[in-house]
Amino acid sequence: MTGNTWQRLKSDRYGMTGLIVVAIFALVAVCVWSGLLGQSWSEVSGNRFESVSASHWFGTNLLGQDILQRTLFGTATAFEVGLVVTLCSTILGTVLGGLAGWYSHRWLDEIILWFKGVLDSIPFYLFAAAIAFALKGNPWAMHLAMILTFWTTTARIIRGEVMRIKEREFIEAARAIGLPDLRTIFRHVLPNTFHILLVQGTIVFVAAINTEVILSFLGLGIQDGVSWGLMLAESSQEVLGGHFGNFIAAGASLFLLLMGFNLLADALQDALDTRRAFG
Amino acid sequence: MNGPYLTRRFLYGIPLVLGVTFISFLLMVYFGPDKTYELIGKNPTAGQIMEVRHALGYDRPFLLRYGDYLKELFTLDLGISDSNGEPVSVILKRTLPVSIALVVPGFVLGNLLGLGLGLLAAWYRGRWLDKLVMSASVVGMSISFLVIIIGLQILLCTPYGLNLFPVRGWQVHDPGSYFYYVAVPTLALILVTLGYNTRFYRAIMVDEIERDHIRTLKAYGAGPAELLFKHVLKNSLIPILTRIMFSVPFVLISGSLLLESYFGIPGVGLVTFNAITSGDQPILKAVVGLTGVLFVVALTINDILYSVVDPRVAKS
Amino acid sequence: MTTPALKVTNLSVWFETGPGRLTVVDQISFSINAGDATGLVGESGCGKTMTAMAILGLLPASGIHVRSDGIELDGRDISTLNPAQRRAILGRDIAMVFQQPATALDPVFTMGQQISAVYRRHTEGSKQQVRKKMLEALESVGFSQAEDIAASYPHELSGGMRQLAMIAMATVCKPAVIIADEPTTALDNRTRGLILEQLKQLQKLHQTAVLFISHDLSVVRQICRDVMVMYCGRLLEITDCHSLFANARHPYSAGLLSCIPQISDKRPAQINSIPGQIPAPSDLPSGCHFAPRCSRVEAQCRTSVPALDYADGRGVACFRPL
């Protein structure tokens, strides 16, 4: 990101708030991964449905597990899912989109476009279920399903950008000197699309977390460990009986993180969009 | 509308349909559960195993099995559900109308409201109304569907809230009971889609409003109502239509999936949900295949609509 | 003395930004009589289009400030109209022809529909009457196949035809004043000639006052009787075209004239340019705006603003006119 963009981003109060929120959650996730927080998420440390108290800040759930611990661990899960899916789908989308854009209108492009159309046509949750089926309950089935469907938007964007940049003279010049196609793509074209990838990345992250929540509710998500989705799934029955701990903890965390990301994504988009630089 | 254009769009859909059905076949049938052992008692002999496999068609070549799948889909001979022995096509026929009745009000209202709010925000761009609408949209987008559903349930269906509507169920026999059961799901659907819809429509409208021909119209005395409804809307129809057409299959399936499984409404979504958790393959096979085909159809119709709405498109 | 068709008094347009005020139009005054065509000439960014938009009242409210001591259309001040009143006169008493007809026209309606809409907005009439007027307007700009043009979409017409159709739209209600903003800039020479001819004929026919905006002096000369030279938001010289070309009084006008390439037998064609650059609106020099680039500059040019002394239809804003 160029200095100019960073300046604009810094001056956007909402965007900076979003960035800080996300950073805080990320910090929590790192702490959980390194064993500093949330380690006793499965430990039964109290009675069922204890209410908020000094030793259990959010109370306990059905099994007597501390909800706060579970929420903290859920942060790590959310980030793990988000990062894996975002990274993999972005790489996949960039590679395929780049190839499609470079060989635009030739057979490779048509195949990739066809593949994209097919994947876009399958309703996601059914696809996730189908993959879970095919992989016979492998815990990575969920990630795979998301990666295989989320790459399409990134690919579409990259393909468009590559096709646009292809027209510019400096690429012509590179080809005139005889640089091989693939190197030309990765060396000259991709760095120019970095800013778009950043914005798209935040959007995918949000989608991944949202999707995990629903998949966990359907029983297709996280199999071991705990996530906010699982907590919400638990809470769906509990709230009817007046126990709101799970719901509030997971719901609020989810909302805060998503809000942070959305604000950040918006601010990034505004900062990078030079047309709107003058309001 | 011209013939060659139509045929071209139609032909374009075929490889997509093949692709979709192929993937669904691959995942659900080929890599799907092996039912051999369910149909055999204990200690089967090799010969018995081979018989059963033959009866199930497992020993047929790959492509032929794919062909069978396609045939089943297009003749709607969808087999029998594993869970209750009903023919799948009967199940679908019974549950599809329920899903449609459930999802349509929320879908229509969510889009109409989104369109209206987007228009409002675009017209008053930069002023407080715009900022208010946009902030509300971001908040709306940040609340997970699940949280909305559970939240609404607490607020409207339980003694901890207003307790006006039922927690689950679908005993619909007249408009009154229809409203009673559809109200909360509809509200949930609206709330979840409104944020996204508004932002999308606003972006389109802002683009349109800034165009030169709007300035010309203003220079010739056109008022806000005429500008917005006759010119801006008509020019934005393509992206609007695209969005609506694209989202129909998804809202129908995914929306109904969550709403029905949560509110216990016997539609396609609930059936699918149960099929997912119980591993009822015939149903899943059918739903995945059919919705894929539906989507391609929606895509094609959408392209055709393009050429009707925008006179520039039909020429290319 | 007859009332001028259009009279503008001390019109100013400015932006309020953080650091200060950006003035794009600075106390402009002029008048045009019925049947006369006056050119408004200046380089890109000098405020010509802003002036036109300000006269019509089309500048969006937030951020842009417009002030004047009067904008009179046939003696009636239109600067104080409320939105509904303003919409009534736009297109009927005063109309604008825009620069890029390709984008200025609505792509999803036919020319006939668009022109008819303008007529219907300002007049009562049956469908047949409206259609007749619309076809007449198209014929009056020179279309022999008016029905075909009426049934066509903007993208189906050539650039010149689109501009003519736009002129038809501007004249369908026979307005007293037409503002033409660079109407021929995007066209080739031959079409340009055609358009200018049509404009001249229409002007004589309906005795319309025309404000012709352009950066091209040679085009203005073909159609206008008078010309106003604008620079950085101020009018520097007002005179008739003939006098301007014969002997321009303001150094800037003279500079502009010398920039028009002349092909002569004696010397190879030279391309002159005025030294220096147009200052940005945020960086306007105090005193006369042209002072930094002027070859005749003296001390008071940098400290005080020369007024435009206007006598006998000629005026020049300079302390040392040529």
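Points to keep in mind about this one:
For reference, chains read A, B and C in written order, and residue numbers begin at 1 within each chain.
Here, a residue touches a chain if its C-beta (ideal position, glycine included) is under 8 Å from a C-beta of that chain, and two chains touch if they have at least 3 such contacts.
Note that the coordinates shown come from a computational prediction; the quantities given were computed from them, not determined experimentally.
Taken as a graph of touching chains, this assembly is arranged as a line, each chain contacting the next along an open chain of partners.
A comparison of the B-C and A-B interfaces places the larger number of contacting C-beta pairs at A-B.
Inter-chain centre distance (chain B to chain C, centres taken as mean C-alpha positions): 53 Å. We define each chain's centre as the mean of its Cα atoms; on that basis chain A and chain B are separated by 22 Å.
Under the contact definition stated at the top, the residues of chain B that touch 2 or more other chains are 126. Those residues of chain C lying in contact with chain B across their complex are 56, 58, 62, 83-84, 86-92, 95-96, 98, 100, 103-108, 117-118, 121-122, 153, 155, 169. The residues of chain B lying in touch with chain C in their complex are 126-127, 211-213, 215-223, 231, 234-235, 309-312. Interface residues of chain B, counted against chain A in their complex, comprise 15-16, 19-20, 23-24, 26-28, 31-33, 126, 138-139, 141-147, 150-151, 153-154, 158, 160, 167, 249-250, 253-254, 257-258, 261-262, 272-273, 276-277, 279, 281, 284, 287-288, 291-292, 295-296, 299. Across the complex, chain B is touched by residues 114-115, 117-127, 129-131, 133-135, 210, 213-214, 217-220, 229, 232-233, 235-236, 239-240, 242, 244, 247, 251, 254-255, 258-259, 262-263, 266, 279 of chain A.
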